[in-house]
């Protein structure tokens, strides 16, 4: 059981995260690559650590809502995926991750040129893993501004049997 | 397994919804057209009524998660948008809709060739509108199967001022 | 204001629910009786059917928020419990129910003399059961008014082992 | 607008919170005292700072679920109230706080002798304030263990007009 009590909620990314083992890192990268929607949105892996994942997204003309900002669905996609992969880093090799449910709060318009979603494991049990995450807009000089919050329940399932 | 009892939420769409006035219908269509992400995902308007919206989505090779099913983010996009536009149908002309937050439950893999998201207004106040919605997978013979639930809080904002 | 359209969720309770078997009914009653908080709040069982539970609550001077209405925490207690017991009606005898998470929307002040919470199973899997519920204020002449919505994820656990 | 980017999510309580002005502190205490449900549950104010509130709860024989642990509804009551009062500390004098919605994750059984709920403002706008909170079980030697998470949307309303 991983219980990550000291993760900073906001602020700059933590600089002292432990390394993720290469085998798990390769599994995460392969899984992300299989999710064609993430490729369609242009999602990038920014950081991988045990129970901690950052995904990136760049604003693009084909990803907007009605005012030209990045659509909440794209923001949600990286928030949910960052949490799902944060959970996945703690699973044994024969397990896959499934989102059971999540709650998303949209705090500010996604008006930035780029975004990073942070997903963190808060508590992992045998079956369920509870995560929290945040999405930040990134402006010039790497200034970050919080645009969304997520709280998610993830489930470990036997690979290729994604039923609740 | 008990499923859905006597609730019509996964039954056929209601046949007796009142008509939406043409001006509001035009506003909804124009707003959907401006959301380039919805175009990127191939989202279609299936039904518009006062406080009730159905949006469609077709499974496509570039919209999948790791098992080839439609990605939860695309399912969430139509669920959230159906709720947002259901709220929007009740707003005056100078108002726009903003998602404050939503809670999404993913019930079954989105393994169907097509999907329809239903969004309904449950209660609308001066500022906030609370909605519920469901996403159904559509198989042959128009059989519907519930794949996701949403409960959402929407906000009416002065047009082009999308801040909380 | 658009409210509730054609959904029976705030209508009269369904009249044609199947009966719950006596053994499960006795298990539910015994479990409710063991929850001393429900006794402290004065919660009553109003209806039990497979995958469907109604719990009652009467307004009382020691259950209020700052304006003298029933506190959201008491409304939440009956909403969550109605969903939990709705799930429980479908479990085998050696299982207990645990709330994993829930999302609650408070629609109107709980200013009524009495309340009923409806909990319904939407989908039950091996491990997780997803429920929805509503809380209604009851005024004179049994008129019902929707005051809250819940969407909840419940988990079946081996009796006396309530860990995630 | 308060934006609290550096609040620690878990771990020991922050030691360097700014003081809350005495007038606001008095308003919070008076409001808590008017909520008779909080008195019924034995809720105590443990800490008040701008955008940050801690509430306490002691395990008691009349507050349990079926296994003798503190009922999730009591845990939810202090989580929601801590968030609500955290929001309230930033409101002008003529405003009251109303919970719009919240999402609660229950991580571990509430088996401890005492609990503390932390509520923090994440972002406050003109109308809506988004909060996060955690509930910890407190064991001997002041050891804290996370038992629940909340993510909540609060609304500022004119005093005595608590309608959405």
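In order of appearance the chains are A, B, C and D, and numbering begins at 1 in each one.
Criterion: a residue touches a chain if its C-beta (ideal position, glycine included) is under 8 Å from a C-beta of that chain, and two chains touch if they have at least 3 such contacts.
Everything numeric here is computed off the predicted structure, so don't read it as measured data.
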Since chain B and chain C are copies that touch, just let me know if over half of their interface numbering is common to both, same, or not, different.
-> same
Among the chains, which has its CA centre at the largest distance from chain A's?
-> C
Chain B-chain C separation of Cα centroids, rounded to whole Å | 26
Would you kindly tell me how far, in whole Å, the mean C-alpha position of chain B lies from that of chain A?
-> 23
Find the geometric centre of each of chain B and chain D from their Cα atoms only, then give the gap between the two centres in Å, rounded to an integer.
-> 33
Which chain A residues sit where two or more other chains touch them?
-> 100-101, 103, 105, 107-108, 123, 130, 151, 153, 163-164
Which residues of chain D touch chain C in the complex?
-> 31, 34-41, 61-67, 69, 71-74, 76-77, 80-81, 96, 98-109, 160, 162-164
Given the complex, residues on chain B that touch chain C span 1-9, 14, 16-17, 49-52, 89-90, 103, 105, 107-108, 120-125, 130, 132, 146, 149, 151, 153
So, in the complex, the side of chain D touching chain B is made of residues 100-101, 103, 123, 125-128, 130, 151, 153, 155, 163-164
